[in-house]
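Here is the structure we will look at.
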């Protein structure tokens, strides 16, 4: 396997981490297993989640992030309600209308905000802007942790958002496609930026952390999870051979592999950021707190890098190129990318 | 692994077949891969599907059967249309309203029919029953192949249904959760019971045939597939690490493993049927043409079998117990089940 | 106006009753009025409804019965829930999938039942039939009062249904497109067959009782009405010039015109029933308790009556012809219809 | 009736114009009439619409503007598509998510634009911004004629928008809640700003032009209207006593009353604009081309006017106060409003 087989296009281009794979294989050795989540592997993961978060939460498995976020949001609002989120929120920009589809029409109300973050003031402004029945009533605040631009809400920021949400009778949803990266970056207990801070529902991303497929929806407010199992089933998100979705989570949870994976990806992003900062003509756009680096590259350099086979996306929302690091991004890949880019930036 | 670890509750309680697993592992060795289906594995499977069916069809991957059927049907009708199906059809009885949800309200019009099969006459009766705008207009016929009661539509039966469908301007959808078992049972080319017979869209089941997760939607009429990729994405059915859904299909397709798996399951059902037929007090309900056996067991015997740890479902729709065989059901499991049951039936 | 201009096709083919029309005209004389229901006429009707039912209910106006029933049901269940109703229920047979559309997929579970009526046993059977997540969980019982076949639930029958509903945690919805006819037939206070009997939501029909357009949704359980105004608005059911929908109700409510209209229609049905019973070859199908008569007419006689210009529908659900009487059906129309039919039935 | 009973809050606060009312009464004299639009009145209006537009269009009646726009848009796009509109478009700001609900999730993509108007460049920018499946594909351009800020698209502007739409394979929808005001303002044949300019579907507003209730959806491209009658029915928009919705249109169409009504409202807005322009401290915001005037009033003056009983809205979208004139706004009302305001603005 040559280093050229690694890229910075997305952390979902990485494969399965060894620990997760081991549990996948192990769960395949157990013969016939009850389907639809009635197996022992799935029960174990649910219990482990409750241990992890130190609270009696309800845990559901779905296939991907679109579904996790859309179903969670749909359970928090009716079609004539609205969801407040940042204008760069994944649910707004990259789900092809999934939240509107699953909720049968709930509108997303977007706010601007520095570093990809919602603020209490922006939420307050959206909640108070309209109160007539001709506009969908806000019921949910959705924040992405870590954010779409690689930043991380501090514990205080999450708390402040949850506080205004509670005051305005909004539920708090956290899109945690890269939740692990946020926990790793903040170095806090996962409960500190979720239920202890006032989050009602967390979509805990597994895929970008090293799983083959699957995300978990965690309801800290169990009342909100009423009949959610039916919702999951109807929405085509109930895996029949569930063990192959759930067992690999044990690989992430044992020995905190999920945090190790996240810390590594974060560290690679930090390294890449350092290297890019040095290069003349490259302008780094956000401080990389998680596993993403955003930078404006000289056009000719970006083109030349792509011509050499490097893959990375232009970030339409905020400008610049998005460079994602994964659980398996090698230091040499980062160094090689930086070196090649540097050589192209020298005129 | 002891024989007691096999059951007859469902073919989705079996694990991953070795050939599929091998490709899963292989696809994990290729480093970073484009996501969302832009990888080479996925392209290969799509091409292989076109080869298999000997026609230029459009191929899409989704996570499970609920989604495959619901999205396929939603692409064939609007919310104010209806879908004709058998009263025992899985889409009617076991999707928790998935088809209605994804189509935003399309009604299922159900017909009775012997051996779990729709007939041209039943379709005609439903189409001509109403023609006013107060009742949703039929646009689709959906048949399950093999059926929910373990029977198989013959080539002629599929053709006759498709003929009446065309005459009435209905599209033909095939729920092929156990398509492999039907092809194996009929011993025909897969095209003979699909597009050559007049089927427009096939949901080709992989999970019950030995995959960990995933079904394929095949549009033989490519016009019907317009923008279906967007539909899949919005509906939360687009896998980011798609290779882990697609590559295992190569394990099924190479050397016709999919047919071998299906033939084995069918053979086990036949064996089980033979054994049960002999047992006094047991009444077999349908002729097992695929991998399911339905039988009325004496109450005390069924209870005793369950007490011994055997798992199998009561079939609410048609009465009796449903006994499913999988790609990995061992002959000894069948013999042991039959022997234990026999001993319990002797008064 | 010649008697030939009256028919028995439907009570919605009659016009506006004088008292309702008078209020329509009066409300047009008041110059500019607040829109969307903030006018004084609308408030008056809401208050009058609370007086009428002797309870503090929430009252909403919608344009027609499809919307009234569909929105009411959608407020009682989520997409993965189900609604129990009679197989001849209008919501099942004549709303073109409206309930499924507005609820985004809730399934209607239908039961048979004599005289077009649901029974506690049928409800119990449907509730207990399935309890797995593969089938939508029942949340509502919907009964039509008076029924689609012109019968009327007694107070005791409504109470018994509501009792089983409460025991099974189902909400009770009453499709009262012809609620007035039921109240008139039973000669009870309207509260006796609604909230006092355990009904949670009533769709109170105005159109068939003499209004130009409009139905009222009455929530006896006010908690169920939370944000229902938003639902009405989003669903395109909020009239801007609301006074023209609401004011005419005052014409129905003053001096119990609604009951007078209903009693008249019921009496005409009784008369028609009497006349038909006498005619050889005509078989009356249900005892007419409200304003509908169902009868099997000799084919040649039905055809000849239609050829003479009489309009009435074949009733697909229960067989026979449906003959509806309206608030304005004249005795001479009934007598003439009966006489002509009699003359045609003499061989 | 005192002048104080007129306001500038909305043109939907006016009543029924005499000519429409006359037909409403006339249609009530015809005894029993076929329901659901099979009556002669409705057929006449449909024919008259085809005459008016000089083309063989398909015509449907719905209850209000939310429904007209939402159902029209839903017929032009699937849930995973998007609709391009101005950020001040009524469908975006005042339908409580109706378009998203009826389409089951289609996203509205909004653009800025001077004078409340979309431009070809803005459309082009939105169409070309994204082409991946993670973002809903644009399928429709929706323009409001006259606009939400009282301006009017010229024939050339409509044509230019339709041209870019056709080039990008987008359908063109016109929200014509105040279509009459636009036709009156431009003094063109109605076909010139609709199908001859490239508009596919028009929602033709009746309520604000003098009807009690009801809008018309006109499909110039008849293919797009396939099964639209079913859609209308399912969506709870099919009036049973349709004549009372349709007949009043004859009052508007005879002798071009619809244009007379619109011209009057436009003239009153022009007069009001003239008067306001003179008043020191008042800043008029848009050139009034139709029947709306937008103006910033000194805070104390606005408050004082409201305290005197005048009703008008703050316009959240564009700032200032919105003053709407209706078909019945009297010159003396305008003069009195202006005079009172002037007196309040003198310091």
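For the reader, a short list of remarks on this structure follows.
Labels for the chains are A, B, C and D, by order of writing; each one numbers its residues from 1.
Here is the rule we use: a residue touches a chain if its C-beta (ideal position, glycine included) is under 8 Å from a C-beta of that chain, and two chains touch if they have at least 3 such contacts.
Small disclaimer: the values here were computed from a predicted structure and weren't measured.
Ranked by separation of Cα centres from subunit C, the top chain is A. Between A-D and C-D, more C-beta contact pairs join the chains of C-D. Rounded to whole angstrom, the centroid-to-centroid distance between subunit C and subunit D, based on C-alpha atoms, equals 34 Å. Computed from the mean C-alpha positions, the centre of subunit B lies at a distance of 50 Å from the centre of subunit D. For this pair, subunit A with subunit D, the centres built from the Cα atoms lie 42 Å apart. Residue numbers of subunit A whose C-beta contacts span two or more other chains: 79-80, 95-98, 101-102, 104-105, 133-134, 136, 230, 233-234, 238.
Across the complex, subunit A is touched by residues 1, 5-7, 9-10, 12-16, 21, 24-25, 27-35, 62-67, 70-71, 95-98, 101-102, 104, 207-208, 212-213, 230, 233-241, 244-245, 311, 326 of subunit B. Per the touch definition, subunit C reaches subunit A in the complex via residues 36, 78-81, 104-105, 133-134, 136-137, 227, 229-234, 238. Contact residues of subunit A toward subunit D in the complex are 79-80, 82, 93-98, 100-102, 104-107, 129-130, 133-136, 316.
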